[in-house]
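Each of the next two complexes has subunit A plus one more chain, namely subunit B in the first and subunit C in the second.
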Partner chain A sequence: MSMELLFENRKLIGKNILNIIKDNGYTKSSFSRLTNISRPTLDKLIKGEVDSLATFKTHIQKILESQDMNEEQLLNYVPKYKTKKELVFALSDNAPENHALNPKAQEMFGILEDIVHMCELYYN
Partner chain B sequence: MSELVTSKNLEQVIEKNKLIKDDILRLTNDFTVRFNKSGVTGQDKLSFSVLKENHLIQIPIDDEYWGGAIITKGSIKIPVINTAQPRVYQYFVAWHEIYHLFYDLNLREETHNIAVDMDLNERRADYFAAKMIFGNVYDYYYSLDDENFIDKVIKCMDVYKAPYKAVLIELFEEAVTKYNDLDLKEKILEHFDNKPDDLVQKFIDLELDAELVKPSYVVSLGGLEKKIQSVIKENPDVSHHKDNYQFLLTLKNKIKKGVEGLAK
Partner chain C sequence: MKGEGIKELKKYLSIGKPLKVCILDNNSVEFLTWVRKNVSPEKIFSQYDMILIPKWVWVEVCDSDNRKSYINDLKHYSKVQIIDEVDYLTLVDYKEAELYYLFLYCCYNVSRLVSFIKKNILKNRPVEDLDPYEEWLNIFYEEGLDQRKLSNGRIQKKNAGEISIAVLSYILSYYYSGSIDTITIFSSDRDTYEFVSKAKEILYKDERFKDRSNTSITFKSNDFLIYEWTRLGYINEDNIDAFVDNYRQTRRIKFTRKKQDNSIEEQDKLIENTVFLEMLKDSTIHLIF
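And now, the complex of A and B:
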């Protein structure tokens, strides 16, 4: 199987990478360190938004090596993690409709998301 | 999102409360029986201790409107409180979230797709919070000999550890539905949308503890650190737990840096 085929299916590959991360108890950040792929690039890979074949190849190779997988296994990856409907309730929020979060608050919500993801890993 | 209560919709809010009162009182009794086996008496301590048993995350978020949430992810439900808001809001939000955590049918995994009236659902959470916090605030209000309406309300805030509007809503309900107290009703409507903007100074002037109307900036990750530490101990050869632990510490440091900025 060629890397070009994976590149053509990069949206699906992105989903599979995310499932590999979840199945093995990583966060995106810990997986990024493990594979030596920067966090922004990992995000792009997961979203299927890496448009350069050369870049794609380099990073996919790092993931395959870290997971001891081949291209075919990555393309046909079956998640162990069963995706459940996720629901976020921001219940105590009286903000007016045009209210925008400031950058500091946005950053804190990003941190909160990472923490909740870890809670999911360790409290289940 | 909760409906914003103003003097314009205050009467409607009281009408909604009438519809749900019996139901909510049943839940407050249920809560006391099921969750307060240790007989904790401080309502603020009780709500936080119950939430902490459910992995409460306390985090300061620089936003005046976002009080807290129950975040559901997969099969877990995590309560979150914004500690950058004054403590008095945190206490109210804690009870609000307890309603959602234990009694909100919409958050039960098997039923969360059922159609519910979201406004009414939020009113139920707020009413549950009010009923857990307040005793007989009407009698307490009249037991005070201050001449100034706002000073009396502030003393009610202090005693019940309740937000300004929550005190007024509770007083309004009693004035309208129980005592037909038109004078108090008028005073509440007159002041409802004009919360004093110098509450800290007013607390100090009245010789009350002003900490209640200041943020606490507490940072707590709900025992997650200890949990990961114990998993590392049990599985010393699994490297990604150590990696995750380091990542968690990095996040905690980022939050603490954020706090330094906010507290200045």
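And now, the complex of A and C:
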């Protein structure tokens, strides 16, 4: 399989790279260090926005080597885990910018947050 | 340990030989310095291929010259390595998201720390978007952990050592299970035990970890050591009362005891020295912590 085909499918390749990162327990930052690809370039690869074939080839080669994969495996990568809907902790803060909570309110909010996290702990 | 040192350690941990690894906590080192005249370090540590001390624990060890010198002497009996927490990333082969979960799970007993991690490290983003490990580790250490100033001027970080030991033990357990046979934590700190136990419970449910092979993590508390030393004859019967009196205080012990029909009872209770001395004579007892 040619690198040109991967380049033509670079949006899909980007998604697959992100899935490889997630499945293997990397972060974008640690994957960037592991593969020696700068973080901005890795972001572009993930978004499928690298427009130069030469650049694309160089970096994809580094990813293939680090993951011991070939081009075909990268193109046809199947995510290991289904995306699990994680609980999101949502906060609504309508206070004016630079507003400092008084210590009592801060303490109360701290307790409330702890209770929410305790619920999460037992809910799981 | 930086650069070459950590690479050497990784190489050593991957040689395939079934290694016996011991991780030391500060409170155990203190105890071992007290009993050094009775039980030599050689008897305790020569069976281990490697003794590891996380840097956050080493900082505490260095508050005492006795403890520091005890550790330095251990180099005669085993390979001793002090590991900088920053190097945990190399040990997990850059699997930083997994390392994040190990830290999170090892803090699960302290809801304030869980809140801190989620609010100030994860910041409601997907885990793959975490900031670089060195940055969030530093935020966690400097801002997440409670602190107090010691009489020697050092700022002590609450639970830093226990958390680091728990994380390191799971790194060894999950990433080097093929070459590590035993991981033994020398600690009498209940927090260390609880952090490791809680994390185990969550890791067994987490799909990222649950199906992976892992080496079990065991403990040798001070009470366990005394029990072991009496069995091995390192402390003789004539001296045991004085030994326990000098070096032990009432403490909660988790243990099992075989009943007459061979079933096993579990106990977790405060044991005074007089009761402990009786327990030492009972061969049906197994001390867990």
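Side notes on the structure shown:
Operating definition for what follows: the second predicted complex is superposed on the first by the 87 of 124 C-alpha atoms of A that agree within 3 Å, B and C clash if a C-alpha of one lies under 4 Å from a C-alpha of the other, contacts with A are read in each partner's own complex, and residues count from 1 in each chain.
Basically, contacts are C-beta pairs under 8 Å (C-beta built on N, C-alpha and C of every residue); 3 or more make two chains touch, one makes a residue touch a chain.
In this text the structure is predicted, and so the values were computed from the model without any measurement.
Contacts of A:I111 after superposition on the shared chain: subunit B is touched, whereas subunit C is not. Contact with both subunit B and subunit C is seen for A:S30 once the two complexes are overlaid on the shared chain. Once the two complexes are overlaid on the shared chain, A:I21 sits against subunit C while remaining clear of subunit B. Applying the stated contact rule after C-alpha superposition, one finds that A:H99 touches subunit B and leaves subunit C untouched.
Looking at the superposed arrangement, the partner reaching more residues of subunit A, out of subunit B and subunit C, is B. In the superposed pair of complexes, A:C119 makes contact with subunit B only, with no contact to subunit C.
Put simply, subunit A uses residues 24-27, 29-30, 33-34, 84, 88-89, 114, 117-118, 121, 124 to touch subunit B in one complex and subunit C in the other.
By the touch rule above, subunit B contacts subunit A in their complex via residues 1-2, 4, 55, 57, 59-63, 65-76, 78, 80, 93, 96-97, 100, 107, 109, 112, 122, 125, 221-222, 224, 227-228, 231, 240-241, 243-244, 247-248, 250-251, 254-255, 258, 261-262. Within the complex, the subunit A residues that touch subunit C are 18, 21-22, 24-31, 33-34, 81, 84, 88-89, 110, 113-114, 117-118, 121, 124.
Contact residues of subunit C toward subunit A in the complex are 89, 92-101, 108, 111-112, 114-115, 118-119, 124, 127-133, 202, 205, 207-208. Residues 24-27, 29-30, 33-34, 84-96, 99, 101-102, 104-105, 107-109, 111-112, 114-124 of subunit A are the ones that touch subunit B when the two sit in their complex.
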